[in-house]
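Next come two complexes built around chain A: one with chain B, the other with chain C.
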Partner chain A sequence: MKLSFTTLAAAILAASPVLADLVVPNMSYRTGPYAANGIPYADGFNDYFTLLNERDGGIGGVRVSVPECETAYNTEKGVECYEALRPQNPLVLNPLSTGITYQLIPRVAVDGITLYTPGYGRTSAKNGSVFEWVFNAPANYWDGASVAIKHILDQEGGDLSGKKIALVYHNSAYGKEPIRTLEELSQKHGFELSLLPVDAPGQEQKSQWLQIRRDQPDYVIMYAWGVMNQVAIQEAVNIRFPMDRFIGIWWSGSENDVRPAGAGADGYKALTFHGVGRDYPLYDDMQQYVFDAGKASGAGDQMGSVLYSRGVYAAVVIAEAIRTAQELAGTPNVNAAQVRDGFEALNITAERMAELGLPDFGQPISLSCENHGGDGLVRLQQWSAGDGQWSLITDFIEPDADILNPLIEADSAAFAQESGITPRCN
Partner chain B sequence: MIYREAGDFKTSYRDDSQTFPIRLDRWGYYITLAVAFGIIPFVINDYWANAVLVPFLIYAIAALGLNILTGYAGQVSLGTGGFMAVGAYSVYKLMTAFPEVNIVIHILLAGGITAMVGVMFGLPSLRIKGFYLAVATLAAQFFLVWLFNKVPWFYNYSASGQINAPTRTVLGHAVTGPAATAPAKYLICLVFVFVLAWVARNLTRGTLGRKWMAIRDMDIAAEIIGVNPLGAKLSAFAVSSFFIGIAGALLFAVYLGAAEVGEAFGINKSFLVLFMIIIGGLGSIFGSFAGAAFLVLLPVLLKNLLVGGLGWPTDLAAHIELMIVGALIVLFLIVEPHGLARLWSLAKEKLRLWPFPH
Partner chain C sequence: MDQLIFAAEVVLNGLMAGVMYALVALGFVLIFKASGVFNYAQGVMALFAALTLVGIQNGQVPFAHLINAAFGTSLHHFGWTVPSVLAILLTAGVMVLLAFLIEKLVLQHLVGQEPIILFMATIGLAYFLEGLGDVMWGADIKTLDVGLPQGISDTVEQVTANWFGYGFFIDRLDIWATVIAALLVAALVAFSQYTKQGRAMRAVADDHQAALSVGISLRFIWVMVWSIAGFVALVAGIMWGTKSGVQFSLSLIALKALPVLMLGGFTSIPGAIVGGLIIGVGEKLFEFAIGPMVGGATENWFAYVLALVFLVFRPQGLFGERIIERV
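Let's turn to the complex of A and B:
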């Protein structure tokens, strides 16, 4: 066994991409209880880089290689993937798992690799003066919680006193993230918050939904992922909870989550930080260069779905950061540290998004040394079971900075003290 | 012909009762130790340490611990994941509360705390047996995971309930935290494995181990010949939990660096360690190592073979890997229900007779 291991290790080293390539690994999960959500995201991420390679010959003339590694949303496999990918000199890692992100945050700072966690991970990583190597633009969990409450305020005519809001969450680091924000918001607006944890993977939630049926909260906010989404929406349908009062975070708002509940899921709302559907010019190129050429990732049936779009969006931001880094460094062959600088100088305007073929798809992103999280604007989408598609129902809404900024400050200060980091950017 | 005891004369009782009575075995043991301590630390890289050897060594400790309880003392336990969580959260609380104390002491203390918790959950074993005890320990598993999720004091009130291992050093080398090097992580685990395996081996062939085995084989008969079931069962729970607690502490502090109780120490972990000892061989020190190697190394090997070597898509490889490991487990249990350890001793038996079998 020893011998075969070493020969294999040698084979892997030999198979690793040419050094001149830009390496952006895809830490995906296409198996396990989260596969239904992991597959479209991974496909979108791969396909965008395939498009860049096929249409433009890569970024700045250098091809991008996207080695894929299966994590199954499991932290131990995540460690294995990280170690397997590190010798290939990755520029940016996007693990799509809050658990793996927490594990990698201290490691990437030592190893000098950028961690890009759009819409997930550790929220206080927005504070770039403490988290030098981590970026979580354009929006984070706390932005999501705040915008959900703002939307509810809108619905209720600006007054939430005496209202009951329940949070149904995945009982993990991910699901627990919004609790502190919602607690602060409940004090500010005077609503009553009840917390209903669901243990991973989340196939059993009868008791939580019975409790909701008994307590009759006015709104339910959900932070779920994987199989937990489908079960929760089905359970909500079963107890006839009004769907337009049920708001999921962006990870609980894909087609795969609502379809199993059929017509009952009509009107379910979810937060999002990007557009949906195929009506973007980028997808014409994608069809021509990737799908028609038979180079699509996976089964090739995901284009335009919510999570596919999110995978594409993550790839777009990474590609733009690499492009910025190339301009700053004056060379197309950038290294990980230069890409980090590229992220910090990132400025994606609305015009630039239109140029990329994604007009009005995402918000403008402008990052700096202090701000690694962007503006955190979030919009809402609603599911129409009849048409079988999501439609955007609000414009971008700004989160409540008065509540969020002190929380981010406090949490990042705690991390800085714990790990002996002196804040930068002064 | 090569492997035999003929000509290997013992002149004292001490020699006769040593762990490896056959000279070739003894050499094999010394060579393994020499390679493990003398060569591997100098050639090990991050991938080999973090993805292969460190998890193997840590799971070997957990398997040793469970084997003492289930294999030697006959008490089935499904609480391994929960007890590992006790070790992990104890070491986390100790590391953050007393940063000036050496991490090795914290890991040992975490083992001690887990031993106490284990004894507490072992008390029902005096009344209930077999499957019913398994259910009682299953309750321990779910209770402990719930506890570490529910009470914020255990994770120092962090917003997400994650625990992170800060950097701690042994003899000036970081062994936990992001700055720890591959040889340092490997060596700290190896030292724990070496000492604990040595302790386990000598406990199980002494008075205590004989008491455990007597209880396992027939507790009424054991009681009649003077074995106190209270002492024997509780000591098995204590020693086993001590091992498992140390494994949990190392898993969190050295291997993962950050953990979340439901994901890292869930029921799956209990089953994984139980499968290790069933496949490795119940009531065998070698079996604990073989089982841990089988279930830790084989998936990594298959992944590298299928994805790295043959270039298969990652999802296909992951599914095939599950099927291959599952099929091999079934095959092993059909061909040799007593596990890899029995297979190994049969092979040795055959080698002794070779090339002239009866």
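Let's turn to the complex of A and C:
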């Protein structure tokens, strides 16, 4: 009996991260309808921490442990993962789902765990005085909507009066995020906004695209995910909608979304907050220390894809926050609260990005107690079906702060009132 | 006047969408009719068939990820591609093999069990097949091209533009789906009416015990029915996979078949077709006329509401067998 107990204890210890490790879980989805998108992101996230462990011996000399938990992009399973990971003392969680994020926001505030939701989640979490434990830098959904309109303004010579813009969106909390912003922007710039929701999963969108064909909007903006992306782009091709007037949010801008439509998808545009392709020095290191060493996550065939790069970028920001926390705390073995402080003191400059092997990959990120979302700069990428790759077609563009800041103030104030939170940072 | 013309376009597209729903519903009907089993795995079978078709077409090595992990190899492709027709035939063969294995490993052990037990077994089968498809062919989104055309039909657009001053949109893929569905239904009807095996299948559907007593092999019939349902799943997988790429959400097309089955009846092939058409036209017209007033995205729930309304008056569905129980 004693032997079996000892064996069991040894097995548990072997399966758990080493106590001194920095624990950064990967809440991934490698199964289910959204697996094709979840896999490259999860691989990129894992591979960056593997690189740090193999090349640098971790962060500040402490190895990073990345336990993976399968959420299947399902909110209930995501909450189960959270409960399963909590005893391992995670430093930060990145659930890659707006639905799961909404469920975890109240919990992490109680449990004292940082939630990092780059490019997704609750937009008003940018207001750090209300959302103490949530960070959503470098950009959020409202930044995306604002930059899409700025790009259209640029295309139309600065005048959108009388123009028609349609929003095709996933009929969920995520898809509805940009509506308020676009309504405000339509009042400001005088364009007519039409809203076309598509129920999940989005395999059948004939009604929406027949309406687009009848109404003839000048531009279509899309907030979709999963199969809704591929079907929407194919339907746009079918009705001969001009692809360079069709702009997707970054979750509608991976190779997966455009390839099924073949040559017809040529010219389709998507917003992004990071670089494209694998022409960065970091990926040379990744090849040497991770791929050639046979330590790549998953099938090891995703390096350089859009969603892989996004997973890498999320890991880069988290690693830099941990590094900052270590400097602030004066110890490499930081806890979750110290990592939260690290996020608030985060300052990733352009020079630092170059040092990391990612020059011009992402915007500088400087956070503070009030600002958990960064500057929200976004750029555009365009698909070339012939080359089978994305290319960046703009520099980073600033969102319209005059419109967005009051919206963030209002939404976060409402959350503070509902939740009985007294804003801090004074 | 414009609204009437637009409505006509919506009706036409609704009919086409209905055919696509009916293609999925057909597989459910075949198995339910012959064995009384509601096959929860029908949507996953469409996914599995489409994955296998693309894998064969592209010369992909099945279980490559597993083989590479176990033996340190780097296998991905055989280095050849297979013509579409041959790939479809080979995939049909795989679906027959799958039917045989399902009968041998699952159904044979559950003969005489309650229908709910068989239903639960198909739930397990669905999860197993989804995992098998993932391990065999990978979870990435695959482009499916068997030569079916896609995009607006110029002929329909020009003709309707001449008639109404507004060119209708009809997707050429939908036209092909309609033709293929019509051929498929004709073949199924001919098979069940005019062949020995087809008549045996109908006999089993009418009365298991009586069919057994005249020497019909239940095992053979089940393998045959699951094979035909597998082939129907392959056709549905081709049509839907051509539209969206072959990906794991393809299994969710079963959700589109449920209201069709409720409306058309679980035991009628014409019911699946007519049910599909009614659901297709109904949901598209409702979205066109009422959707804008209620915020849109009505199609998913309206299909079920429409089916429920029909059920109030025809509990067995439009073409379902009437259940008469006497005390």
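Quick note on the criterion: the second predicted complex is superposed on the first by the 412 of 426 C-alpha atoms of A that agree within 3 Å, B and C clash if a C-alpha of one lies under 4 Å from a C-alpha of the other, contacts with A are read in each partner's own complex, and residues count from 1 in each chain.
We adopt the following convention: a contact is a pair of C-beta atoms (placed from the backbone, for glycine too) under 8 Å apart; a residue touches a chain by one contact, two chains touch by 3 or more.
Model, not experiment: these values are computed from the prediction.
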item: Combined model on chain A where chain B meets chain C, clash or fit; value: clash
item: Which superposed partner A:Thr98 touches (first chain B, second chain C, both, neither); value: first
item: Partner chain(s) touched by A:Gln381 [first = chain B, second = chain C, both, neither]; value: neither
item: Partner chain in contact with A:Asn171 - chain B first, chain C second, else both or neither; value: both
item: Touched partner set for A:Ser129, first chain B, second chain C, both or neither; value: neither
item: First (chain B), second (chain C), both or neither touched by A:Ser65; value: neither
item: Contacts of A:Val237 with chain B and chain C, given as first, second, both or neither; value: second
item: Greater chain A contact set [chain C / chain B]; value: B
item: A:Gly226 touches, of chain B and chain C: first, second, both or neither?; value: second
item: Partner chain in contact with A:Pro197 - chain B first, chain C second, else both or neither; value: both
item: Candidates 25-33, 97-105 or 133-141 of chain B: the single one with C-alpha clashes against chain C; value: 133-141
item: On chain A, the residue positions that both chain B and chain C contact, one per complex; value: 30-31, 35, 39, 171, 197, 199
item: List of chain C residues in touch with chain A within their complex; value: 6, 9-10, 13, 16-17, 20, 65, 68, 72, 130-131, 134, 138-141, 143-145, 150-152, 169, 171, 240, 243-245, 247-253, 256, 284, 287-288, 291, 295-297, 299-301
item: Residues of chain A defined as touching chain B within the complex; value: 1, 4-5, 8-9, 11-12, 15, 28, 30-31, 35, 39, 68-70, 72, 74-76, 79-80, 82-84, 86-87, 98-99, 102-103, 105-107, 109-111, 122-124, 171-174, 176-177, 179-180, 197, 199-200, 298, 411, 414, 418-419
item: Chain C contact footprint on chain A (complex, rising order); value: 30-36, 39, 171, 195-199, 201, 203-204, 206-208, 210-211, 213-214, 226-227, 230-231, 234, 237-240, 256, 259-260, 262, 264, 294, 299
item: Interfacial residue positions of chain B with respect to chain A in the complex; value: 46-48, 50-52, 55, 96, 149, 158-162, 164, 166-167, 177-179, 255-260, 262-264, 266, 293, 297, 300-301, 303-305, 307-309, 311, 313-315, 317-319, 322
